[in-house]
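Below is one structure, written out as structure tokens; the observations come after it.
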Amino acid sequence: MNSNRDYQKVLKNIYNQLLFEEDFGTVASYIPELAKVSPKKLGVYLQTNDGEGYAYGDANEKFSIQSISKVFSLSIALSILGPSLWKRVGVEPSGTAFNSIVQLEYEKGVPRNPFINPGAIVIADILVTYLNNPKQDFLNYVRTLSGEETIDYDLKVANSEKKTGYLNAAHINMLKSFGNIQNDVEEVLDFYYHQCSLSLTCKELAQAFNAFANQDKPFLYNGITLSKSQVKRMNAIMLSCGFYDESGEFAFRVGLSGKSGVGGGIAAILPRGLSIAVWSPRLNKKGNSYMGMRFLEEFTTETDLSIF
Amino acid sequence: MNSNRDYQKVLKNIYNQLLFEEDFGTVASYIPELAKVSPKKLGVYLQTNDGEGYAYGDANEKFSIQSISKVFSLSIALSILGPSLWKRVGVEPSGTAFNSIVQLEYEKGVPRNPFINPGAIVIADILVTYLNNPKQDFLNYVRTLSGEETIDYDLKVANSEKKTGYLNAAHINMLKSFGNIQNDVEEVLDFYYHQCSLSLTCKELAQAFNAFANQDKPFLYNGITLSKSQVKRMNAIMLSCGFYDESGEFAFRVGLSGKSGVGGGIAAILPRGLSIAVWSPRLNKKGNSYMGMRFLEEFTTETDLSIF
Amino acid sequence: MNSNRDYQKVLKNIYNQLLFEEDFGTVASYIPELAKVSPKKLGVYLQTNDGEGYAYGDANEKFSIQSISKVFSLSIALSILGPSLWKRVGVEPSGTAFNSIVQLEYEKGVPRNPFINPGAIVIADILVTYLNNPKQDFLNYVRTLSGEETIDYDLKVANSEKKTGYLNAAHINMLKSFGNIQNDVEEVLDFYYHQCSLSLTCKELAQAFNAFANQDKPFLYNGITLSKSQVKRMNAIMLSCGFYDESGEFAFRVGLSGKSGVGGGIAAILPRGLSIAVWSPRLNKKGNSYMGMRFLEEFTTETDLSIF
Amino acid sequence: MNSNRDYQKVLKNIYNQLLFEEDFGTVASYIPELAKVSPKKLGVYLQTNDGEGYAYGDANEKFSIQSISKVFSLSIALSILGPSLWKRVGVEPSGTAFNSIVQLEYEKGVPRNPFINPGAIVIADILVTYLNNPKQDFLNYVRTLSGEETIDYDLKVANSEKKTGYLNAAHINMLKSFGNIQNDVEEVLDFYYHQCSLSLTCKELAQAFNAFANQDKPFLYNGITLSKSQVKRMNAIMLSCGFYDESGEFAFRVGLSGKSGVGGGIAAILPRGLSIAVWSPRLNKKGNSYMGMRFLEEFTTETDLSIF
């Protein structure tokens, strides 16, 4: 890649190529509010560490980032607790689907990693314990990270998920029975559903993730600070565990650190290089955006940018 | 066994023999209120189908019957729904501990049998749906079955269990996520904890269970009616699934149909012969009364009474 | 049941009734030699403890008894080792399909019970250790039990199974890795495949099983002796574990102790009453004879004979 | 890192620092021949893509590379079959210990990845099918990769492993029962045990792995050729799956692609930068070299070299 103009061209070329490919995914239906989104959306935003940004397609439309928010909450918990965080949650891939309760029981209430739902719920519990105003503080942090003050929770989505969230209620009660939840179950779930309901555009997401791609810039946002080594570790966890039971496939086909959400978003990082966010609502069988993965696969193939 | 006097002597002999044996069990501690019971209690009551009763030890002291109540609730659900009940719960032994959530997930929300906690919670949901006044109706039924109007819920135990019942909350939410709970989660759990908190004496328990031992007498109590074939099936399920992950061991060593509870009670049946209830609070590693099982093992050995 | 003539009539009536029912089973195909059997066969033989026998249908045709042979081998191992046998194999239902290797790993090489394949292979290992001429001694024992000297192994079946028995090879190597196989792997499997290949008629099978139904007659056949208590325990294990993952269902619907085989046979027992063998090759999804179970269900319903 | 002299100093400093740390690992005992190695060995060799090499400690002593050989065999299979390879083996981390047979059964005979034993056995089966002289061809390939003609199998180790390899025998029979092994079971295991018995020094190992670190150099060794994209994918699989159930931890603490073996070796790669091999026989509880991981953790911390 020689110049900024090339990136714009690459995004456009891939976008146009994918228009002719069949989308084998289906929109997530378990959160009723999410099922209303038009399945044809496709947007991408690339943010280089040099400060250049490139948009294509529906890059400036808000969507529900869902599990991508787990990266933000993990970074806060890591900043607060440091290495002692790893007593409450592991860093290993789960080897099973994202909502399996089996492993949780087997591992005695210590979730395999912070990105499967039980792990993210433990992280939410930590934030409820340590933040003064959990929901407001979390929101302010994401606003600062992305540089957009308009970012907000989507209360319809939060409520929609809460009403049907029996599996998460099963998880948190299981965790509580093992002593790995300190706060009231309802309060933690309320925070968790707000966190997942955040609406961002591809642009805002890529801008927020650039903080994790830029190891040579101090990480300090709204009082949340991470060392260079901690930023690297965020990237390592994203690579190992960011895509449910398809993390190996993503490393294999794409070769970037990243995190997906059931809203169809994927935010990815080339450490010391760039961040990129893609959005396409239809999910493959493993729960990751079908076209989002295709886009990033083509992107690293064409640009020869990859961790490996 | 030739005469009534023999039974009295058998109970006495076994009781005195066990006084010299070490009790390798420990009192259940996960329900705080249960941990207060004196661990040295030992009582037994035998009720023949001919109407004779034999008591020894602490046979007239109330204790928390806990999971033994699942036999009563199952009989009501079977009476109401008939064979369609088996779409919501199976009849196979679980092959794992009584509170494992693994199998529940694997079997897509249909609990293996009505005696593991998730199965009993589904049964509780059915009773909440079909009984007019679930808690009162259930109480009246057990009172009629046992012929003792003083039987009641122990609200301290019910509350103690509710406060620490995160695992049951996990189970019911998991069941709800699979669509196998029709009522409000809190309402079902409230009924379930009441049901488990019933206090009965060995005498009352043996009298209540005699209805299941007496296949040749019409089963009709407080409007709950079972056919002869259904009574047999109750006994079959008790034999296959009545002792958590130790049902095979109980069939092997004792050879009666029965059900245990973490309060240390065991109610057992020789079909067409007798019912017998034992109580000793210390539990073995599988969660069944250590001395209760020893007592019944000696009983069937000495009397040569057994299903097999 | 009032007279012997009634039994003959009952068998005839059920047989004729089942002719008009659809057989929803399918013949086992994983052992090629077994797939050659005519799927329409249906035979039954009832042997009372009084010495009366009743046949109907294909009751005198030989078929491969397969897993039913595990009852014979277990009785020998129990006779030789007594209670120390239970250190090498358990007595609990498996809660999963008959060929699952999962539980074996989880339980550290001690199979759940002697009727799942890994358990039966451990029993075979014991017989190879303790019998002077394992294959000949085992054959002689079954001949004496049934009173028919013509009983023999079907070498075609034994070889057919050996050639495709990779799963059993997996099991025995797993068991060996846990130290629960003492002899050479090949030698044990050779004995095991011979054991399973035994060909008996319904009549021979019912006669052989009568020894387990007749607790009041001394059990002594070819030097193999069991106490009355041990005979009862054989029946308890059959009831708890005799039908793979359908033992609860069999207890529930039929209410007899018994053991099935993939050749389509079922041998069952009413303790202190009678033994009965049914044969119909088509298996239901759990691996048990579809019509065999239907026959026995009708039998206990019509005669009101049942353990419960 | 500014100059070559710095690398030598870094290796020395870390080596000397670790001499004062307690080694919490224990030497693998399940392969008797491996248990004979002195537990105090510690060697390291770093090979830059520029062709410079740096040794420290026992860097020139041969040791059994064991599972590290799976990287070599995978590269051959990938070269031969291309993408169709992924029908027979996956690319996802296993989420459980390296010898678990559970997942294999659950996934219907398709191992999760080529580095758990069942996966490596499938790869061995492929090599037995496609190589003319499997053992000799494999040896020649590794010799060419590392540039050392003296590399050879250690037949004592191969035999030692074969004699006690009941678990691998269980795996391969399980795979065969699912149709995922094409050759004779004994022949494939014989090749597999030879492959694992290869003896290399840290220097030879680092030199061999440099081929995978050097994406910009054509990969062609003894007729085995990989595209640039395929070399990247080798690195992605190593990062996701190279350390049994500790791959996430390795990515998190070290941040390199790599593969460990129970002989105590670890070979790791910084894509487009360098390869490094460490050897220290004592293994942590997850089966990876305790000091080897410590060494690499210190190495990436001090040099600030890491994928992330």
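Order of writing sets the labels: A, B, C and D. Residues in every chain begin at 1.
The working rule: a contact is a pair of C-beta atoms (placed from the backbone, for glycine too) under 8 Å apart; a residue touches a chain by one contact, two chains touch by 3 or more.
No experiment lies behind these values; they were computed from the predicted model shown.
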Using the touch definition up top, find the fewest steps from subunit A to subunit C.
2
Tell me which chain's centre, taken as the mean of its C-alpha atoms, is farthest from subunit D.
B
How many angstrom lie between the centres of subunit A and subunit B, each centre taken as the mean Cα position?
48
Distance in whole angstrom between the CA centres of subunit B and subunit D is 55
For subunit A and subunit D, let me know how many angstrom lie between their CA-based centres, rounded off.
32
Where subunit D touches two or more other chains, by residue
none
I'd like to see which chains touch which, written out pair by pair.
A-B, A-D, B-C, C-D
Spell out the part of subunit B that touches subunit C in their complex, as residue ranges.
90-96, 103, 112-113, 215, 229, 232-233, 235-237, 239-241, 245-249, 251-252, 255, 257, 271, 301, 306-308
Residues of subunit D that touch subunit C when the two form their complex
100-102, 105-106, 166-167, 169-171, 173-174, 176-177, 185
